[in-house]
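Across the two complexes that follow, chain A remains constant while its partner is chain B and subsequently chain C.
For the complex of A and B:
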């Protein structure tokens, strides 16, 4: 790599300010200072502090009070926590399941039909608006009385559905709404992966008489696997952190049916001022996400590629 | 691309699967079906945007009377007037608004301020750090870089609570600076992204400038930064969009108009529905105001944004 040349560069005549072999210490310190400050104060310190707070009772007004594992004991015995975790997992499975399949379909369609940046642009458009905008628009389109969704259902002879208001529909609805916003982005990632597959592989496949369906399973999928695995890890982690859409559309209801983990944590902290307990649940989420990442990485061998 | 060459293959191979045949004939059923699917995807993608516009241009009374009309009903700009506080309380109530005061100019300004400050500072500081990691020689460099990269592993939401505690201790709650601070200095991704690029700039170019007597600071600002114009623009656009669309963090930090950004204002607008039902026309007007700047930004930089998705995907 480029780092390998310090001696050579240092040995140059006195072109630069510093020709001593010790490097650019002062300058580097100045260049790195703002970013390092931000990293230490707003990323590393909060991470450690979050873990520390999970062992305390803390209401924001009085100093945190060390309570050992109390918050964790309470968490394990908290049925709402477990229900919230269950709701989150159901959400993630629906969201990621549908999103991955649809994104793959879109990516393959784009790869085999058109390279047009215009088409890709349209597919990406929902990703540019916020979750809040997305949530509110679908709240309106899926309104039980006036929403165009239910108008269409009505015209087709079905009854109206309370998409966000019924315990059965709320989670699938939110999962699909978030698919709408993220599927284009995921498709573009997979599309980029597909583009890396040499075209002559498909030529060869066609000469051998393979159809599109066979080529998808025999060429695209195996070669896309490492990218697909990385995309899966990324999207699953993102999906577990769902908050915005829930906060805007259902506020955790009806009857906790959409009380996803991040929403429950937010309520514990800002609704009931139990920052210690909220931190403990955050740590739990952090652990869940780390385990998922490691397991997924191992299972799919995300780092490897058959293209060598 | 690959589909364009079927005729060259001459005699068809004995394959008889339907999909294989579809590739060969000109407007084959498979291809037509694929385009129909693609068209369906685009309609589903774009319809909600049309629906925002259609609703924003209608009145609430007409929306209730003609819920299934595909066109705007009783065209009116009343929704926008409410959003920008241009309508008297009486008129607002009469048109199905909440009558509460909303100052979307203020929220728009707040969003612009926060996103601009975050983007400018984050990109500049991250670029400086990335240069120090990529090109300067100093002790402990690789260790520090490793630590920063490890920051990629921490999910965004984990630092929100402790950061809120910190911002509160600093007395910056309900302050625009409080919203900007945590992401103003760097993100591990930005540093990683730019370092990758700086590593690939040929060292010879830099050395030539150094031999000409330019200092490294000068080389960075006059040579390296301009050369990295494309990735820096890409990063800046992505950062701007991310901070513009952020909701969770500003929701924690802002409590009043003075620091309210558009995403938070939207959710409050949605929550303060009048007795008569939700003010959908007003809400969709507000939604359009919140989404439009990003859509315009996208229209201006579409190709760059679309092409960047492949390699920024590691995010």
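For the complex of A and C:
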């Protein structure tokens, strides 16, 4: 009895535990349900359907017609597709290159100089403005005739620059406009990564006589690597998907100079009702992004940390 | 710390928590599933929704709607105006989501695609609109709206031609008379008297004219000819009047052609000459054009002396503050005649219109002399019927605007139609960047047009 009683009591407790676990499972499922619903309906299903549509001719108003690999053959032979891929890569290199360097600079300055929440707030402000508003405001500010940007250039004795209207300037301009909008957010992510680096590392560095420059390269950068890698992967994916700024400023022009892939896809689908071809190009973009992400992940050893 | 660790907030009963969570999930699902379902069928039977893009024309069609509502008690016309840039995107989305207007203003460059997608109702099969005849309207307008299947998909509502708007003061200062401007000639070799005129009207920042020695083409104060990039692909207000005055035609057939002629020498020479004007300093460079610097702005601000534009812009140009604007005919080309693109809009009915009965009545009224005369009285556009046109011409005259430059080509039959073919959207997507490449980047017209024409005709060969 003396033994049986606690045993029974234990059995009872275990049973309650199982019941508990079942109840928690149900509760967990209930909490996951909205997100899961969103994932299935807005992500997984459209992706699968998109892949299916890429093998069809589809104008959205009549049923899709299976055409096999036709859309992919057409894509490989479409010079505009390759050109828009090239334009997108040029954009991503400029956008991410400048953005990462500037964001890193801001993050390090914030970490080493000030912890002020106000400064952090200011840095984040552009990110609160919508992409379309940003695009329109810059379109006006940089207008060749009326824009304040060109008025200032004129006052300084320079000629007017067609920031959005010339082949040379359009992509750099759009890249920098988007840097302006996203750099604060990126800087904050990096700043959070820098905060995770123990302060004594810097103290030790200072005792050993290292300057800020040396400490940046020897302490901050190596220890920030996993965060930087994550930020790079995220921003590169986002950058490849540039659309809204192009749509409101240049609409792909002049002469396709800013015809980034997403814009070309959009035009094929909603301008020319070629949803099948547009889906094929979207699948291509998905593949390109997956490959880039895997390569980046491997190269930057994003899954490991040097903070041991 | 110890107290904090041992302290527990009283937990709500599990059943309650589960209910809250499930409720939240259900609410989200409901929100996602609750798209507006449209108004009840009783009210849709009383309302006819109608879309148009030209804000200038809104008052005229409101007046038509009021008359219509008086004649058809119980029917209400709900007009929505959406600017051209968003109009087609919105319309496309509306067709896809089954929220398209019952009736909408249609453009020939778009209707082939819509007819092909099966979203337009054939007007010749609807009782109220089947009586619409081509002969009720100015020549050519009715025929443009007959699809390849022989059905009518649009009821002609108005027409437009293209002519020259010029700054009278600048012309006078340059010693150019209205008569000179109305009798210009043009050829692709030296540009004829047209080029001489715009060269003379071009003035650099030192006051030197474009045809005088020492002209500084890098610093031009006033360009002879205003630039316009909108619609560059069909050249309606840019190159089409020149190209067609050589006898060149867009396609192998007048309507529903299946072979484009952008690789013909006459066309290539026209384009080379036209965009070559920018290199000479008589036409602004490509970069100068933007939404904030359209032809009317260029003329209004004294940046340009002449702008080639459509008759739908007459009231806009006439209303420019501080600039006295005159109008002139397009020049006579190598073929010995002038050529101006004549295009017309029409009203189409959505195949799945919520109120089809009301829609056909409204379209029949829009296409009638009664409504077209009302529109004509507003003096903002030329209605498609002859009587409507006459009323509009009189209304313009009353406002002190001479519209001869736009109406004479119609009377003289020196107009040509907007190209109506399949694949209009694809062709636009190919032609616009090609011409921008020539204009903005100085690419070889011959090479670019040969290549692009091949790509365009490939669409028809598939």
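FYI, the second predicted complex is superposed on the first by the 270 of 308 C-alpha atoms of A that agree within 3 Å, B and C clash if a C-alpha of one lies under 4 Å from a C-alpha of the other, contacts with A are read in each partner's own complex, and residues count from 1 in each chain.
As a convention for this text, a contact is a pair of C-beta atoms (placed from the backbone, for glycine too) under 8 Å apart; a residue touches a chain by one contact, two chains touch by 3 or more.
Here the structure is a predicted model, which is why all the values come from computation and not from measurement.
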In the overlay, answer first, second, both or neither for which of chain B and chain C A:167 touches.
second
Is A:145 in contact with chain B, with chain C, with both, or with neither (first, second, both, neither)?
both
Which of the two partners, first being chain B and second being chain C, lies in contact with A:270: first, second, both, or neither?
both
Identify the partner contact of A:206: answer first if only chain B is touched, second if only chain C is, both if each is, neither if none is.
first
Please tell me which partner, chain B or chain C, touches more residues of chain A.
B
Return first, second, both or neither, reflecting whether A:37 touches chain B, chain C, both chains, or no partner chain.
both
When the two structures are overlaid on chain A, which partner does A:220 contact: first (chain B), second (chain C), both, or neither?
neither
Looking at the overlay, does A:27 come into contact with chain B only (first), chain C only (second), both, or neither?
both
Looking at the overlay, what does A:60 touch: chain B (first), chain C (second), both, or neither?
both
Which chain A residues come up in both lists, the one for chain B and the one for chain C?
23, 27, 31, 34, 37, 41, 60, 140, 143, 145-146, 270
As the complex stands, chain A meets chain B at residues 1-2, 5-6, 9, 12-13, 15-17, 22-25, 27-29, 31-32, 34-39, 41-47, 49-50, 53, 60, 105-106, 109-110, 112-115, 117-126, 128-134, 136-141, 143, 145-148, 151-152, 155, 180, 184-185, 188-189, 191-192, 195, 199, 202-203, 206-214, 230-231, 234, 237, 240-241, 243-244, 247-248, 262, 265-266, 269-270, 275, 278-279, 282, 285-286, 289-290, 293
Would you tell me which residues of chain B are touching chain A in their complex?
1-3, 5-6, 9, 13-15, 17-23, 30-31, 34-35, 37-38, 41-42, 44-46, 48-49, 51-52, 55, 63-64, 67-68, 121, 125-126, 128-129, 131-139, 141, 144, 147-148, 151, 153-159, 161-166, 168, 181-186, 188, 191, 199, 203, 207, 210-213, 215-217, 220, 241, 244-248, 251-252, 263, 266-267, 270, 278, 280, 283-284, 287, 290-291, 294-295, 297-298, 302-303, 305-307, 309-311, 313-315
Please give the residue numbers of chain A that touch chain C in the complex, ascending.
23, 26-27, 30-31, 33-34, 37, 41, 59-62, 140, 143-146, 160, 162, 164-167, 252-256, 259, 267, 270-273
Residues of chain C defined as touching chain A within the complex
14, 17-18, 21-22, 24-25, 28-29, 32, 89, 92-93, 95-96, 113, 117-119, 286-290, 292-293, 425-426, 429, 432-434, 436-437, 440-441, 443
